[in-house]
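The following pair of complexes shares a single chain, chain A, combined with chain B in the former and chain C in the latter.
Let's look at the complex of A and B:
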């Protein structure tokens, strides 16, 4: 059952050039940028958060499936283990953002501007949570904890391969214990982190649904990337035991969580729309005024397309439709995060630049008629290139981890169930 | 109206034996009337060469009818029949319609599918369906053949089929 994935030089070369392309795109963005390098930093934040989230959700999937006694997924769990370990380089990427906050490299967060916080009632009220210390130590401690769980779960899983299931399945029991502890920690801490990283870009605004909504976005991106990688590995001749039945169940996740995402997206929108409270509606007002195409594209990619493509049984079992749906959903959720990140950070930067230029600015003048700006109003080629670079980095790290252990967890007690997995 | 049926059925103790028997029956071109199992047996549908159920297509159509009913009805009420302004919102407030549209979609498709299923299966309140053997809901796996009008030769052939494929009991019953 032992199956080795070979991360050969051709793959390294392709992914390496992808990373260089991404880096090149980031450099071009940086030098073509405004004085605060807003486009560069928002791209950096957007992709970092997106891929760290995918890693986190992969770990979450592992832990949730272990806790739920899921057997079908055992054959593909090595993919999630490899994805989850991207948290380590992810933390390094986040550290750059943190140092940027301290060193004033970027001007992403309005709350990081000490002078603005002094005179701004709302931000002053939030400054107990939205401050550099929370941002720094929250990120390091929380992501550090996630890394701890990712590495421990991986360690026992690999040791299980080498030493057998152990007495009374001791390795599996250890993984289960870690999973059970991790789940509530992940639930609360991921919410706190996404508030810090993303929601606080619109420092005046908040939504209690935001963490769920962005979390489901991460989850879908992780599932889509899992499906794509598995189909790729199968095309390369790996994972012969993974069948249409496993694909079918992954497709159900892609379908079901897409509907869940839509539910959250809509609930957040409708409650704010109905209550019509100024400081809440500003978030959607801004996006509907200046980002209309993206706003609706988001729904098209993340709800309409997966809903209708994946509704039938057979489309979840066919490679073609699954690849199509996965790519659409992956790009869709990347766009979703684009729309969470860009508008708020852009306003913050515009305000800061106006302030530098000595203009009197008025917070209420937000929103009306921002000119079209490539990279903000719509993702341009540079954004896509940056995303591609990050994706290649992510896959490079994942392939490195995949090559370190057998693709089949041969001593997992649930392996037999996974081999005989059968739906419909 | 009660239709009498003469049924020859065999009981098996295990689903693997049953699956083998079903395949053997197919190979011998014996026409199986029905198979009863206490739980869903993987691979049985394929072995019996059953068509995929069309219930979900019906479900989609019922759901779509629900969507249209809810949405068009609310549109008519709030723009033509009785327009009211709620909280300064326009008469035709699509976001406010979505939850009810969703609910009616689910309701229509759930009720529609239930009624369709009951109709296709010939079930209704007050109707009793005769059971071949009570143990088919417990621990026995049953293959039933239609024995109406079957001659002695055919019955013997079926009986020997049952004994060859490992049935633990064989009964002839009129229900």
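Let's look at the complex of A and C:
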């Protein structure tokens, strides 16, 4: 059952070139940028948060499936283990943002501007949470804890390969214990971090649903990337035992959670629209005024497309439709995060620049009628290139991990169930 | 049908049952005279049902003024009870639909009773909006139909109307789902009975013969209904949460309400399933079908959903502070430290803190603990709705209209009365239909019966893994 993945030089070369392309795009963005390098930094934040989230959700999937005694997914769990370990480079990427907050390299967060906080009553009220100490130590401690769980789960999983399932499946039981402890920690801490990293970009705005909404977005991106990687690996001749049945179940997740994401999207939008409280509606007003195409593409890519493509049974079992749906959903949720990150950060930067120029402009005020700006109003080629670079980095790290252990966790107690998995 | 089952899984059917024994064990309670425990329980429930009828008649005769609602607190125990019952009515369809889609085998032991419970709970819930109308005879006004009252239509913008649609749809589909599952079992009962019973079961089993075509249609229909019910499970409590969240009342208007209400509903529903199943398995001697493994699994669901609810409580509390919105902050200050602080403490203690004992496997598998916890959770979830409704209303925007509310004996009587209605219906159900889905339990016997998967089973399923373990060791 042993199956070795070889991370050969061709793959390294392709992914390495992709990373260089991404770096090149980032450099071009940086030098073509405004004085605060807003486009560069928002792209950096957007992709860092997006891929860190995918890694987190891969760990979450692993932990949730282990806790729920899922048997079918054993054959593909090595993919999630590899994805989850991207948290390590992810923390490095986040550290750059943290140092940036301290060193005033970027002007992403309105609350990081001490002058603005002094005069702004709302931000002053939040400064107990929105401050650089929380941002720094919260990120390091929380992501550090996630890394701990990712590495321990991986460690026992690989040791199980080498040493057998152990007496009374001791390795599996250890993994289960870790998974169970991780789940509530992930539940609380991911919310706190996404408030810090993303929701605080619109420093005045708040929504209790935001953490679950963005979490479901990450989850779908992780599932979509899993499907794509598995199909790629199968095309390379790996994972011969992974069948249409496994694909089918992954497709169900892609479909079901897409509907769930839509449910959360609707809940958040509808309640804010219905109650019509100015402090809350501003978030959607801004996006409908200045980001209309993205606003609707978000729904098209993340609801309409997966809903209609994956509704039928057979489309979840076919490679072509699954690749199509996964790419659409992956790009869709990347756009979703684009829409969460850019508008708030853009207003913050505009205000800061106006302030430098001596004009009075408030980031919290209604920014309607912003001119079209590539990279903000709509992702340009540089954004796509940057995303591609991050994706190649993510896959490079994942392939490195995949090559370190057998693709089949041969002593997992659920392996036989996964090998004989049939969706009826 | 042979399936591969991991040796790490525990059996779901104990006692080395054969197919015939399963039929005997589950069908026989409906064929014998009820035992003393049942008669006692039924008498007690009927008395409470009588109380329900009396207090409802009192309300209708004398009007809503017999309740202690006042100008500030317009929703008190009535809507609290309504939401509480609706929440309880979530576990059944979750178990039957979502767990069917997830192919969870343990659902077969408990789905039938849980679905029945769902239906009865929704019936109890439905009483409250109806009697709250005051003029019950005009209840049909809630339906939008071309009418003779001039251009007087229902308010389509109101979440209260959406409730009418959501709950009636949910009720209909739940009944269909439950009944579909019952058909093969009713046919089994028919085949075992004589005389008038046989005639009745023949009618209710729709001439089921167990033909392959019947089974094929049965399975397609089950899947279609599962697909339909899954969004319905979410929609019902989502729309109930809209009753509050679409308002501009601080403490009610918050975006997390829909999924958090759904999680809370599943939480309370499972608690009620535990309460009922622990009694049922004992009284009807079904311990080998509703095993400790089932109780363990349901306790895990209670732990998970309780913790999700806990995340939501803390999120609300934190974001209220974070919002920088004075009224929002005050609403939560009042919720925790205001005149109704005790109900907040009750809610937190019963819903978030106490379920944490289920981290211990020993406690998850203890009948006493589980039973006590299931009651705790039921109380806690009642408090949650009371906290949201009465506490929030008691301190509104105008300090001059602040008020305090305690129920009258009529309101308490109606609530206790719905418990009577609920248990009376459930007890009748245990007499006329198999409380465990006979056909479905049989379908998992070879995958989860202890003579096939338990420690004393013939080891052929373990073969592959054992070989894999050996090769791994070399």
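Here, the second predicted complex is superposed on the first by the 420 of 424 C-alpha atoms of A that agree within 3 Å, B and C clash if a C-alpha of one lies under 4 Å from a C-alpha of the other, contacts with A are read in each partner's own complex, and residues count from 1 in each chain.
What we mean here is this: a residue touches a chain if its C-beta (ideal position, glycine included) is under 8 Å from a C-beta of that chain, and two chains touch if they have at least 3 such contacts.
Everything quoted here is computed from the prediction, not taken from an experiment.
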item: Overlay on chain A: chain C relative to chain B, clash or fit; value: clash
item: Touching partner for A:126 - first (chain B), second (chain C), both, neither; value: second
item: Partner chain(s) touched by A:259 [first = chain B, second = chain C, both, neither]; value: second
item: Of chain C and chain B, partner touching more chain A residues; value: C
item: Partner chain(s) touched by A:274 [first = chain B, second = chain C, both, neither]; value: both
item: Partner chain(s) touched by A:206 [first = chain B, second = chain C, both, neither]; value: second
item: Partner chain(s) touched by A:144 [first = chain B, second = chain C, both, neither]; value: neither
item: Stretch of chain C penetrating chain B in the combined three-chain arrangement, among 42-50, 78-86 or 204-212; value: 204-212
item: Where chain A meets both chain C and chain B, residue numbers; value: 274, 276
item: Sites on chain B touched by chain A in the complex; value: 42-43, 45, 52, 56, 60, 87-89, 95-96, 98-99
item: Footprint of chain C on chain A - complex, ascending; value: 1, 67, 69, 71, 121-123, 125-126, 129, 161-165, 169, 172, 180, 183-184, 187-188, 191, 195, 204, 206-212, 252, 259, 263-264, 267-268, 271-272, 274-277, 279, 410-411, 413-417, 419-420
item: In the complex with chain A, residue positions of chain C that touch it; value: 3-9, 101, 231, 234, 238, 242, 245-248, 253-259, 300, 304, 307-308, 311-312, 314-316, 319, 322-325, 359, 461, 464-465, 468-469, 472-473
item: Residue numbers on chain A that touch chain B, as the complex places them; value: 266, 269-270, 273-274, 276, 311, 313, 422, 424
